[in-house]
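Two complexes, one shared chain (subunit A), two partners (subunit B, subunit C).
Showing the complex of A and B:
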């Protein structure tokens, strides 16, 4: 049995920042990251971040991860385990995990769940054909391992992820036949949309996927226009010869551990799925269990980092670690989150948070 | 350029890829090459192999969907072990990779 003060589950932007703050406040921290490489989705994000300097604005995601990992390496109080998957959280507070192939019991005093989110799929005939990938998968293949997903792509989703990944595909020399979105308007920032449109990539709004065609792999994608009631309009089909269809229709929180631990959960569409009821300091209804990042509401890596800092601070404080700058830091994180949620996308997030924050 | 590596990105405006050490592995008995530091799925994909397994009931072709170990679409038999998520499992020299068409066996 490993005994530790703070257990952080997930070594992405939220988890790493939570670990840094809890350790800096004085707590002993263990981080479990299921992959070989910590950093979560930062490791595939080649675009520059928005936000302010504190959240590494104008720095690419791929360059932020090493900064956080460096910080962690300098903190003796953090033990970062990779290839380490949390398996369950039990009533007596014991967490089981597989750490590099070894089944392990952990007894933490506080838990910060920062497990992130997983990609949604879209329902249409033959949506299981190989060659149909989530946008994150395309990013992983292309930006982490240097392998193109294919040569001709239909991008489904004109939100920020769809637009950014289209741009990244073009950078890697892949042709994007079109970007489509069922919504009547482009969902992502116009600055990203303009960038891909300047490259000659058409964006078709009000279209959805009718079907994918192929035997062992996708060979063709058929799209169809939707009317104002979101019904397909016969005769408006367009066919594209593609070997890749990239699905960028959003993420949903990876909250299995929270369900198992018995946290009060609520379905909040603005936060992209079932999320835990939590305090402003990110503590769930299970005492001593905190959350940060996409698992408590899908947003961006910037807000995930700030939430991580906040949860790390709160967990350490609840263990009795106190110092004179804590109150100031806490207020700063709350202010940063408020600023990040200032735009039109932030409005939606804030309305969702209102329903689950107690 | 070698045909089997046509999906490898050779020039990129932002990123560089560490492709120093080549490793050999087999897929369905056929010898293939990949690089140290990449996943089995990435190496297969670079070799043009997108069909990794088949569904249990209807035997429909399966490729990876999420590439981060969530979706469970990429289970293969690696060195005799079933249900290995090849999208997160790292490639090693001499690996024997096989397609999986059923629920797999424990041993």
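Showing the complex of A and C:
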């Protein structure tokens, strides 16, 4: 049985920042990251971040991960385990995990769940043809492993992920036939849209996928226009010859551990799925269990980092670790989150958070 | 930009460009950022404080074109790649435009490329005048190219001739 003060499940931006803050406050921390590389989504984000200096604005995601990992390496109160998958959280407070093939029991005093989110899919005929990927999966293939997914792409979804991955595909020499979105408006940042539009990539709003066509893999994608009631309009079909379709229709929090642990969960569409009810300091309805990042509401890596810092601080403080600058730091994180949520996307997030923050 | 019609409107473009006469005096940054999003590194990038400090990071950037000397540091710092530098004083018939260009291969000086508008449509041929790609630019090279002066507000991007 491994006894630890703070267990952080997830080594992405939220988890790494939570670990840093908990350790800096004095707590002993174990981080479990299931991949070989820590960093979560950061490791494939070759684009520059927005936000402000505190959230590494203008720094590329791929460059932020090493900075955080470096900070962690210098803090000997943190043990960062990779190839470590959390398997379950039990009623007696024991967390089981598989760490590099070894089944392990952990008894933590506090838990921070920062497991992120996974890609949603879309239902249409032949949506299981090889060549149809989640956009995030394509981003990983390209940016982490240097593998080109194909040559001609239809991107489904004009949110930030759809727009950014289209740009990155174009950087890799892949042709984007079109970006479509069922919504009447582009959901992502208009500066991201402008980058791809000035390359001649058309963005069609109000369109959805009718079907994919192909025998062993996708060869054609057929899209169709939607009316104001989201119904397909006959005769408006457009066909594209593609060997790749990327689905970028949003993410869903990976909340299984929270369900198992008995957290109060609510379905909040603005936060992209079932999320835990939590306090302002990110503690769930299960005492001693905290959350940070996409698992408690799909947002951005910038806010994930700040939530991580906040949860790490709160967990350490609840263990009795206190110092003079904690209150100031805490207020700073709250202010940063407020600033990050000041735009149009933030409005939606805030409305969702109101429904789950106690 | 309008979310439905998508590219920047003529009015938005005109508002981003400085008053008549300024660009003939020398280069200045044109910031095509028309949507409130949480983002402010352009302010920190400008050593001359030509871009005003943000009260709220969701505010649109405000630039004082008289304080701006067109150095281009903001071009590489803008995460949205929404900034270019324009110089209408380059020659009698041409303007010089500097844009971020994150593609390979980089073009060479004197190379002739396609000048594209905000929808990626071909407007005119452009000539590459300079290519910057140093460590400071953090993988956002800057290409400067000349365009016929009448297209100064139209050309926003470049592409290689096939």
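Keep in mind that, in the parts below, the second predicted complex is superposed on the first by the 358 of 358 C-alpha atoms of A that agree within 3 Å, B and C clash if a C-alpha of one lies under 4 Å from a C-alpha of the other, contacts with A are read in each partner's own complex, and residues count from 1 in each chain.
One rule holds in what follows: a residue touches a chain if its C-beta (ideal position, glycine included) is under 8 Å from a C-beta of that chain, and two chains touch if they have at least 3 such contacts.
Model, not experiment: these values are computed from the prediction.
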Overlay on subunit A: subunit C relative to subunit B, clash or fit: fit
Partner chain in contact with A:171 - subunit B first, subunit C second, else both or neither: both
Touched partner set for A:131, first subunit B, second subunit C, both or neither: first
Which of subunit B and subunit C A:340 touches, first, second, both or neither: second
Touching partner for A:331 - first (subunit B), second (subunit C), both, neither: neither
Touched partner set for A:199, first subunit B, second subunit C, both or neither: second
Contacts of A:323 with subunit B and subunit C, given as first, second, both or neither: neither
Which superposed partner A:49 touches (first subunit B, second subunit C, both, neither): second
From subunit A, separation angle of subunit B and subunit C (C-alpha centres, steps of 10 degrees): 100
Subunit B versus subunit C as contact partner of A:143, first or second or both or neither: first
Contacts of A:60 with subunit B and subunit C, given as first, second, both or neither: both
Per-pair minimum CA distance [subunit C against subunit B, superposed on A] in Å: 5
Shared contact residues on subunit A - subunit B and subunit C: 60, 171
Of all residues in subunit A, those that touch subunit C in their complex: 47-53, 57-58, 60, 170-171, 184-186, 189-195, 197-201, 203, 205, 302, 339-346
Subunit A contact footprint on subunit C (complex, rising order): 1, 3-4, 6-8, 32-41, 44-45, 56-58, 77-82, 102-103, 116-121, 138-140, 156-157, 159
For the subunit B and subunit A complex, residues of the former touching the latter: 7-9, 11-15, 17, 19, 38-39, 41-42, 45-46, 50-52, 55, 60-71, 73, 87-88, 90
Residues of subunit A that touch subunit B when the two form their complex: 34-36, 46, 60, 62, 118-119, 121, 128-134, 136-137, 140-150, 171-173, 215-217, 254
